[in-house]
């Protein structure tokens, strides 16, 4: 349910008589417009989660690493050289 | 203009709540319905001229021979054995 | 078919032609009033068989050709913009309106239906109660009774989603208008047999008397037309100007009184626009007030700007017999059946199209 | 794609699985509330990878599946009989109404359009001022803000030919309804990450406390789901019943206040029919009076008889986790994705369809 | 196809029980439903070793000079007196191949179905296809089925393409036409088009008129075997009718054609129907008719043989190739007048008023 | 076709001046307008000796084992990133022939045009057809053009059928598939379908995704020349995508197939677009892609050769034929789970909610 995917804001413009901030969001190289009405402080460069044309959340980079930290915590990453390897990389 | 062709009334029935006499008219073997509202005294077996679904005239058998009589008159049928040859034949 | 095939006999045709040749002593111009007669002349190659002294002039008797441009535009508008089921006779579909024809409107998605009879249109209206059905009721006196009948049927049966877009034209006023034109050179008329079937012959006596022209009520088969021509020539050669009836097997002196009654019930005489000719007083039928609800012109109150006719088209002169189609500068060049500039190029009964198709003058 | 691909790492997945195996000591039934999670489980083959002691129960979190039959019939009626442009998300189109689905309505000539976003529908309405445009606004809390936004856009811009046919369902009341069922055997929940993105976590504390169930707000990628499962199991094994947030990269404790504002502006909470489950109090959103003109249910006042669900379909029990799809007598026999008897066989997020497609149990 | 034949065929080919009543979009999606349709037994009607391979294409054997032809068939209504669109599509391509002097052998068959077509109608079409193929001795070896939404098609369109070896004695080419060639028509004109008209809404009439759709390949091969190179050109006057096809030939080959209206064979009912609707039979479509340009010296002999054939009973010489008026077709009317024959400017419309 | 190519083609092929802007019913009537369209110069693009004969069929020469295939093409929109319906129709049949191990040689081309199609669009389609034919080395030798009323078609449908000699070293048949065969895919999946999606109204997105439509015949013949009988089966996963085609093969040949999701080549943008719309790329249509079943011993060598080919740069081994689970296709997911691959139940719909 509620298919939503994270993308990076490439540009922002005002539409609908200047009332609405609309972003061009890049998802792995493809671009789609999304309304920023739910994220007043989202800015160019931010990663946002987009659902049916509306950005509904900013991705928290720090929290994004928690899954990997959690695994490290439970000892399962003990044999991995470096946690960083699994952390989100910067998108081209 | 006013394409109309002669056909023979095969049957008559009342339609439109019994108000209208409609005929099945045969034209060289094909059959099409025609209203008899303009020909109150047309009957089965009569040849009628039909235009856009309405019978507008009964063919006068006697007059039909006039063309051939006329030709005879003007002397042009003189060398024909028999005028009858050119007169309308009974349709199958 | 009985009463048709026998009037196509080649031997007899030849004999009448010989008699025509024998009879004619000087040039005569004869107008066949009716497009059906034009069709018969060209389809059977009669024009070329006639002696040079006999010139046939193709009259205005093609209702499809004289239906005003504006009315075609209205029919198209009703089909495309008002979403009505627009019913019509087939040959009306290719007649150009100012922008397009009904065939194109149909191709663009308009519900345009070709019917054999206006009575069918009333049935379609009954079968489609939540649609409006309009019949494009063109025609001469011959067709007026059937169109009127459709209104009576709808009236009787309470079919309120039916109406007609009427354009009825009357032959005798047109004949007068044609012969009144100073350039006209008509010596005699073949009157339209099927029009007379309805109206009888009485309307022609005053014309024949006033203009001193022979008028022969004539049928449509080759022998009919040839005999009609012969009868006119005989009168001309004898300086007579009478009304004769070549087509007596079909046409009664008084016409068809029942049909006249039906016409009178639904229609009244009014001035009428003739495409290519202009307005002719008392030359058309309009729907009477009693049946106003079946008059599509009132029902939809569509105002469409009068579009100008193509100025290069001389169809008026063609229909008055002043010029022949091949005297038109556009004939066969910019104006062809695939791209008609004027109405006479559209219907195969139109003088220009008839010439284009059947005569030896042009290349397809 | 960043923030997706890294959560699909096979090595890490294996490690979490091993930790799950190590942790679990007795059988647990965990409901993933959201159809997106179900999809992830089956598409990635996770269910078979889990230890036998862990049973996943597929919850009611597929809005497409729980949209009332009657509302689908209404949407079809609007498309076919009222001639509106009916816009919808794609997966709604194959959901069976009582007679047919929207895809069939489209195939029958209805103007049914698949859109990515409800905001597009407002644009379509603006571009087609002489047409009515209806957006079939289904969804959970995640989608409600976008649907509400479309109404606000239309309101602001005076787009009066736009309305929504709304069917919004709320997750927490459904979770309660499911766990309240006496046959229910749910030990813990993976809460729907994207719903929480909007609403935050606060609604789950009372549930977790009242029913003594661990609730872990969880994402949708394989690592997310696996980690969520592990977190639930850890709590269960330690007899805890807390609310945890596996999906903190996206979900804030308080949710998205702007989105909540937009929802509140346009919608109010009301009772809601859930297909296959029945009416659940306070489990849906209706359009507020201020925006009544954009409410298609009021605008068209369509009354369509409630059609009975197929009595053989046990979709209610499926969605409550009481039964597995293959325990349905119709599963894979009369009921298949090509001929779904109930909604869970329709959307590929529906529990029955997910099982049908991706699990090893059936032949296509 | 006559009523009797139709009933016989339906008895021989009872429709399999199916899960669906109408063809839906899914049946053309390439997925489960497409396969279900393929496996439903519906297509078993056409089963043969080559088709049953169900590969991306068919494996066939051909050696030497081959004819290859294609046509898409749209006809409304799809069922009409004397046949349906199925046999029309088969016979159409078979006849085009025959006109090349070939023995039609393998056909492809491609459907574009408008969603909502009753499976029963599809079945009836396939049954007609089956029998048409059997009668002509051809096989459908490869096919395709697509489905379009309502309003994006018209019940069913069928494309057939076909191949077949050219008869060694055949030498068919417009280039072979010579001054003096006789023009032979194989039978009554205008039957197909008037059969369609007889069931067109708003124009319908009762008649015994049936479409003349049939396969001409056996008749043609017989003629070629006997008259070989004397047959200069073969063509089937389908859309546009006899007039259009002859005018096309006159123009492209720069020859003159003289025709005699009197000699055109036409069924009385068909002629009457043309009178009723104001149509010229010369422009009405035919389906099971051919025109042959034959060297003058062999024309009578060929005509005699053709008149013995079931497809040539009403065959007649209707005209000849002349040196005069190149590119022009001139017809002597029944009463001896002359008229020039041009092409149909568009679809012929009933002329009523 | 890239933008650059498109512009080059348009420069090379300026449209002739025509009397008409749109295709109308008359152009399909078989009469004057049909001839006018044929003579307008529009079709000169495809001119060749055989086609120019303009007979009822084409005269061609074929010797021995031949492949014969047909397909009707409907695509909306008719112009899409990377191509248009014209080249799609040419490449589609070329590829079906190639999948038979044949060298495509002669094509038929049949149009069903919805009234109102701008002639300019028709021209652009013909230009694409011309270049696709040239690239593949095939000739259109026979054709047909029909026009339907508005609302009875969808801009343009194209049927192509084709024939070509089967390569003497080819032995393509599902019967040759053996346990252990490797399954090779020639390139990235799902590009065509997602290129279409990217311009579907209401779903559109910006991307560099282009349809993969291309002719595969040269690539295939090269492989056959080198690997002959080791290539057991060839097929192009068009409608229904890779999943559907493999499931069909597994079912009809009663073999098991194991796939590895990890090994499927896919363009990042295409993958992202699938995520955005909730589509499974395994079910998305391809046009210039093929799947080969190759005997295990030759698979790596073949892959190496294929990867040198312009149509095989991204080729990969994606699975193998197994004895277990006959008729089933089982895929190991990225994270190591297993799922059964079934056929698409109908058209795949964007899954958003």
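Note that the chains take the letters A, B, C, D, E and F in the order they are written out, and that residue 1 is the start of every chain.
To be clear about the criterion, contacts are C-beta pairs under 8 Å (C-beta built on N, C-alpha and C of every residue); 3 or more make two chains touch, one makes a residue touch a chain.
These numbers come from a predicted model, not from an experiment.
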item: Identified repeat of the C-E interface (over half of residue pairs identical), from D-E, D-F or C-F; value: D-F
item: Computed distance of Cα centres, chain F from chain D, in Å; value: 37
item: Separation of mean Cα positions, chain B and chain A [Å, integer]; value: 87
item: Length of the line joining the C-alpha centres of chain B and chain D, rounded to whole Å; value: 75
item: Chain centre separation in whole Å, for chain D relative to chain A (CA means); value: 22
item: Touching two or more other chains - residues of chain F; value: 25-26, 32-33, 151, 268, 271-272, 275, 278, 342-343, 345-346, 351-353
item: For chain A, residues that touch 2 or more chains besides their own; value: 1-3, 5, 27-28, 32, 52
item: Sequence positions of chain D contacting 2 or more other chains; value: 1, 4, 9, 63, 89, 103, 116, 120, 139, 143, 337-338, 349, 364
item: Touch relationships between chains, expressed as pairs; value: A-D, A-F, B-C, B-E, C-E, C-F, D-E, D-F, E-F
item: Residues of chain C that touch chain B when the two form their complex; value: 1-4, 6-7, 9, 12, 15-16, 18-19, 34-36, 61-63, 89, 116-120, 139-140, 142-143, 145-146, 149, 153, 156-157, 192, 194-195, 197-198, 223-224, 227, 230, 246, 248-252, 256, 258-259, 262, 349
item: Touching residues (chain side chain D, partner chain E) in the complex; value: 103-104, 106-109, 337-339, 364
item: Chain F residues touching chain E - in the complex, by the definition given at the top; value: 25-26, 29-35, 53-72, 74, 95-97, 99-100, 102, 106, 108-112, 141-144, 146, 148, 151-154, 157, 159, 161-163, 166, 172-174, 234-236, 238-240, 244, 248, 252, 283, 285, 342-347
item: For the chain B and chain C complex, residues of the former touching the latter; value: 1-8, 16-17, 19-20, 27-28, 32, 35, 37-40, 47, 49, 51-54, 56-57, 59-61, 63-64, 66-68, 70-71, 74, 76-77, 86-91
item: Chain E - residues contacting chain D, complex; value: 19, 24-26, 32-33, 36, 115-116, 149-151
